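Same chain, two partners: chain A is paired with chain B first, then with chain C.
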Partner chain A sequence: MNAQRAHSSEFRLLAMPLVLFLLVFLGFPAIVNLIYSVSDVSFETLRQPKITGLSNFAAVWNDRAFWQASWFSLRFGALTALLECALGLILAIFLSPLIERRSWLMAILMLPLMVAPALVGLMYRLVLHEFAGPVPYYLWAWFGTSVSFLGPTSAFWTLIVVETLQWTPFALLLFYMAYRAIPTEIVEASAMDGARRWHLLWYIELPLMAPTIVVALLIRFIDGFRVFDNVYVLTGSGPGGSTASLSIYIYEAFFKQGAIGKAVAASVILFAVSFAVLYGLNFIASRRKGALT
Partner chain B sequence: MINALRWLVFAIAAFAMNFPILVTLVTSFKSTRELSTNPGLWVQAPTLDNYLAVFQVSDRLNIFLYLFNSITVAFIGTTLAVVLALPAAYAIARGRLGERTLLPFIVNLRAVPLIIFAIPLYMMFQWLALLDTRLGLGLILSIVNLPLALVILVNAIRDLPGELDEAALMDGASRTQILLRVIAPVCRPAIVTSLIFGFITAWNEFLFGLMLTTSKAVPITVGASFFFAASGGGVQWGVASAVMVVGALPPVLLGLIMYRQISGSMTAGAVKG
Partner chain C sequence: MTLTTIRKGSLLAVAIASLLASPAFAKVTVLGWPGGPEETALRAATDVYNAKPDVPENDKVELLFFNRDGFWDKLQADLAAGSKAFDVNLLATYSIGRYAPFMEPVELSDEAASVYGESVLKTMQYKGKQFGVPTDLSMHFMYYRKDLIEALMKDDAAKAKYAEISEKHLGKKLEPKSPDEWTWDDYAATALYFTQAVNPDSPTRYGTVLQLKNLLFNMMVFQSLPRAYGGNWMDESGKITVNSDAYRKGLETYKLLYDAGATPSDSLSYEFAEANAAFTSGQVAAMMQWNAAASDLTSKEKSPTVADVTETVAPPAGPEGRFTHIHGLGFGLNKNAENKAGGQAFIKWLSSKEAALTYARNNGAPALTPEVVTEVAKERPDLVKLGEFASKYGYVMNGGTAAKALSVYELQAKEFTGYWSGQQSLDDALANTEKGMTELLK
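And now, the complex of A and B:
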């Protein structure tokens, strides 16, 4: 009994460095966030914030740009997640006989995942450039016309394509692993029962892959929702703030406008919503796991 | 027949997904003169001039510094994450400590938009004189790396048989001794995987590099964007391409060599996360 207690306190000691580190580098900032969000604060009065109530939150709430950025993030996250997972699923299943025999093919498909999204964004500045870029060049050569890819009408869709092309490999990889993990006995047994290829896919294989598909959609939505790097280097937030994600909105409020109170209040809102959603999802996941066992 | 179709689909997918990388690679070998006449996907007269220009140090641009900064901050961010995560992972897996609090919190951290901590961290770093230092950026990158490192290590330790600990406990070893002498050596593959993964993530990070550094500690992802604003006469696309190739090369090489470990841990982090 005594030994056991000694062990539990030693375990506590082992976890302590991580906990302290998080308290300093996340706990303290979270408190600063909370205090500043209800204060009148500028770069001159950083150390003596005056508590003023909820005026910062009101400023964010009444800011059209905040809602525009929220709408952008939601749409961007949802559309890219759907596109990436649909493409990734089709490719994973269709290409799996090839990749099974030659695993280096997967390495080629995974290559975009290794490159910094910021660099990929910069690369597209070259790819889409009206004089130096190959895409406009070939469009002119073959069709006699080109598109202003980062102009007001197409910037959003250009960004969707950029994000989708870089992260489809992630979904592809996940789905390929899940597809390979389906026990061959199940597939063979249903083939013996005379199941057609499409039926097999629809009634056996896809349902078995459903948990992975949900997880992939979720991860890709989250990463699309909080997007910063590639959008920031490609369009900034333009044209006219139309491509500002919430991350870019907060960044610009702080660094470009010096509106500390607004930036911090928006951070607190995002913080509360993110953790509420994430813990909600954890709760649902653990409930369902409990129901299964 | 269907196999030929599979190869075709593979070729199109690989080409489309790697397109920006291909274009950048091709452009980096074009001379300034060729660039103005030939934006296509081939090179008439390959040259290394752009790479020579990239490695030319000037008052404004210093690629050696950016690369050195990236290596240093990635090193700090990766090792610190593993050093913090390993004992905690042991306590979680064996002591069942914080399984319902600490672990889910850190796993959720992977999904939170990190910008929400960025502004107070910026102020805190100003007070602590950590702005524009490699140490400061490295510390933050370790937070970015923590969730995946912890998940990988907790899973690895949970997969170990409990008898391993029991035997050492019988011999009168303390938990810390067991962690260092028994668990850590057996978990070496998982530790290596989290180090590789962390290094790639840290090298490719952009947001905190942009906010927390200005000149002395600028990492390559941010430094590369400086080349796009270089010199009055618009972007020099050849030089800019060469910078991007250099900046992307380390994680890409690491990824190509270790893609098996990486694909494994990516799915682990995804499924358990």
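And now, the complex of A and C:
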């Protein structure tokens, strides 16, 4: 009993720094944010916010731009996650024998991850510029015309491609590790039983990689959903706010419009929805785990 | 090594690190606008000030710069948080109302009025108080290719084609004119004539390049068009007047040029740098651009294709006359400055003739009175035009220095680009803008 009590107090003591850190750096801002979200507050009155109830939430709810930004984030997050994971999976499986023999290839494939997203945005702003960029230059030279990469109809897809090119290596890395971790005896046994390559992939390898695929999809969706840097640098919030993600919406409401209460209310809504989705996913995952055991 | 030695060593290291990390060496810390001619000019002026024997050692100036991206947002956050990291900070006409609560009015030198003139000093005033010294003035020029315009004016067949194009797209037959006599319709007709999508024989791919990115600075470039037709943000009674024929005309002209392909199709993502790149490629005949671009566009090193043939005039005219948006960059005093007296002394000197001329000779763009600008006219002929245009055509919209002026530009940028890109109708764009501005400027 004494040993258990001692263990418990040791645990508390060791956990204390983390708890304090979370309280100071997450708890305090969270409380301030909650207060600001129900207040009439500006940069001049940051220390004396006036509580006004739920008017900020109503303003966000009735703001066309909020729903436009939510729809953009949802589409962007879902599409980039799917594309990156699909490409990452294909590359991981097909390049696996090559990477196994020449491991330095992985270092080269990982290079896009080393570039800051804002720099990627700047780079493509230059690369796609009609008068300075190589891509439109060759399109004009070869075809006498060029695609309007950042025009109103194509900007969304250009952003999707830019994001996918940068983050596919992340998915590739995860899937390659998962693929390599599949026990060889299972694969060999299946082969001896006459499984063809396609069957092996579909019925053996992909199911074994499924947890990694789900995690990768989730991580990439979250990253895509909260995208800011490269989109903001490349197109700003786009004509009429057409490429404003939720992060950009919150940033612009806070800094550009000085609507602090509205910006914080939007971030509280975002937090609540994210929490509900993650909690739901966790609940489903734990139930499935329970069913399997 | 004894414990005492270690302690002494640690203390010494902490002391050195603290000295290096803090701005203690900077007796007066000035936060400037980084990475452009303004930085070069400020550095030169600061060197002159620091070398003066009557400036006490603890009032010497040290400069501080952070990134230009998001500069105003970061400055706002710093000022609101009561930052003491700088004593003097950059200020812009359109943001005075926003920063005034965190700044203090300043006293300028007795020479200030004769050096800058009252109208330029006003660009740094808010509610009747002087909040800064105006070091740089920004405005717009119409940049054009004189070789192309001269060729057009001499060629009868080209004139006929020009008339045909203007009648088809603008509904009236126009004749080519010298850019200094252009109305906005002449500009539009010229832009269409020099567009290959409209006139396959055009020597340039595009007649103009419009900066249509959803960005507040692009709205400043646009405003001079509706202003020439009598447009304003609000009337004397405070009623928002943006939903007007003047704005309708301006927005429709831009839309017509964009839809006709007279500006690159990616123009909806263009701002200052992209427009300059388009013009320097030699594929654009004319454009409205900030005066800050003049030195680059006429530099043989930076713009070899167009440097010799680029000319500037004031923006085209409308029924109400010619107008160019003006705003100033300057320096004001942080309310939480640690060395307020030193900061005030530097600002006072910065408004003197000596400082203004130093600033002008080192790439700055101060708007100087005719008497003062003559002293630097040979080295900086562009400053003569700057002063002349600013006094003749410069304007600030009613409400243009309000606390939420920047938010108004942001709102217009969003709504107007929504119209130009075809995402909403002109009526909706104007109605949304009027509604938002009524809320922002109430």
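Note that in this section the second predicted complex is superposed on the first by the 290 of 293 C-alpha atoms of A that agree within 3 Å, B and C clash if a C-alpha of one lies under 4 Å from a C-alpha of the other, contacts with A are read in each partner's own complex, and residues count from 1 in each chain.
As a working rule, a contact is a pair of C-beta atoms (placed from the backbone, for glycine too) under 8 Å apart; a residue touches a chain by one contact, two chains touch by 3 or more.
This structure is a prediction, so every number in the text was calculated from the model and none was measured.
Look at A:91: by the touch rule set out above, it reaches chain B but stays clear of chain C. Contact with chain B, but none with chain C, is seen for A:271 once the two complexes are overlaid on the shared chain.
When both complexes are overlaid on chain A, the residue A:129 reaches chain B and chain C alike.
Of the two partner chains placed around the shared chain by superposition, chain C is the only one that A:149 touches, whereas chain B remains out of contact.
By the document's definition of touching, of the two partners only chain C reaches A:256; chain B does not. Of the two partner chains placed by superposition, only chain B is touched by A:110; chain C is not. Counting the residues of chain A that each partner touches, chain B and chain C differ, and the larger count belongs to B. Of the two partner chains placed by the overlay, only chain C lies in contact with A:238; chain B stays clear of it.
Contacts of A:209 after superposition on the shared chain: neither chain B nor chain C is touched. Annotation: chain A residues 46, 125, 129, 131-132, 255 touch chain B in one complex and chain C in the other. Residue ranges on chain C touching chain A, taken from their complex, read 70, 73, 76-77, 79-80, 98, 101, 212-216, 264-266, 268-269, 274, 277-278, 280-281, 283, 404, 406-407, 410-411, 414-415, 417-424. Of all the residues in chain A, the ones that touch chain B in their complex are 7-8, 10-15, 17-19, 21-22, 25-26, 28-30, 32-33, 36, 46, 91, 94-95, 97-98, 103, 105-120, 122-127, 129, 131-134, 136-138, 165-166, 168-170, 173-174, 177, 212, 215-216, 219, 222, 225-226, 228-229, 232-233, 246-247, 250-251, 254-255, 260, 263-264, 267-268, 270-271, 274-275, 278-279, 282. Chain A makes touch with chain C in their complex at residues 43-44, 46, 65, 125, 128-132, 148-152, 155, 234-242, 252, 255-258. Per the touch definition, chain B reaches chain A in the complex via residues 3, 6-7, 9-10, 13-14, 16-21, 23-24, 27, 35-36, 39-41, 83-85, 87-88, 90-92, 94-95, 97-98, 102, 104, 106, 108-109, 111-124, 139-140, 142-143, 146, 174-176, 179, 200, 203-207, 210-211, 221-222, 224-225, 228, 235, 237, 240-241, 244, 247-248, 251-252, 254-256, 259-260, 262-263, 266-267, 270-271, 273.
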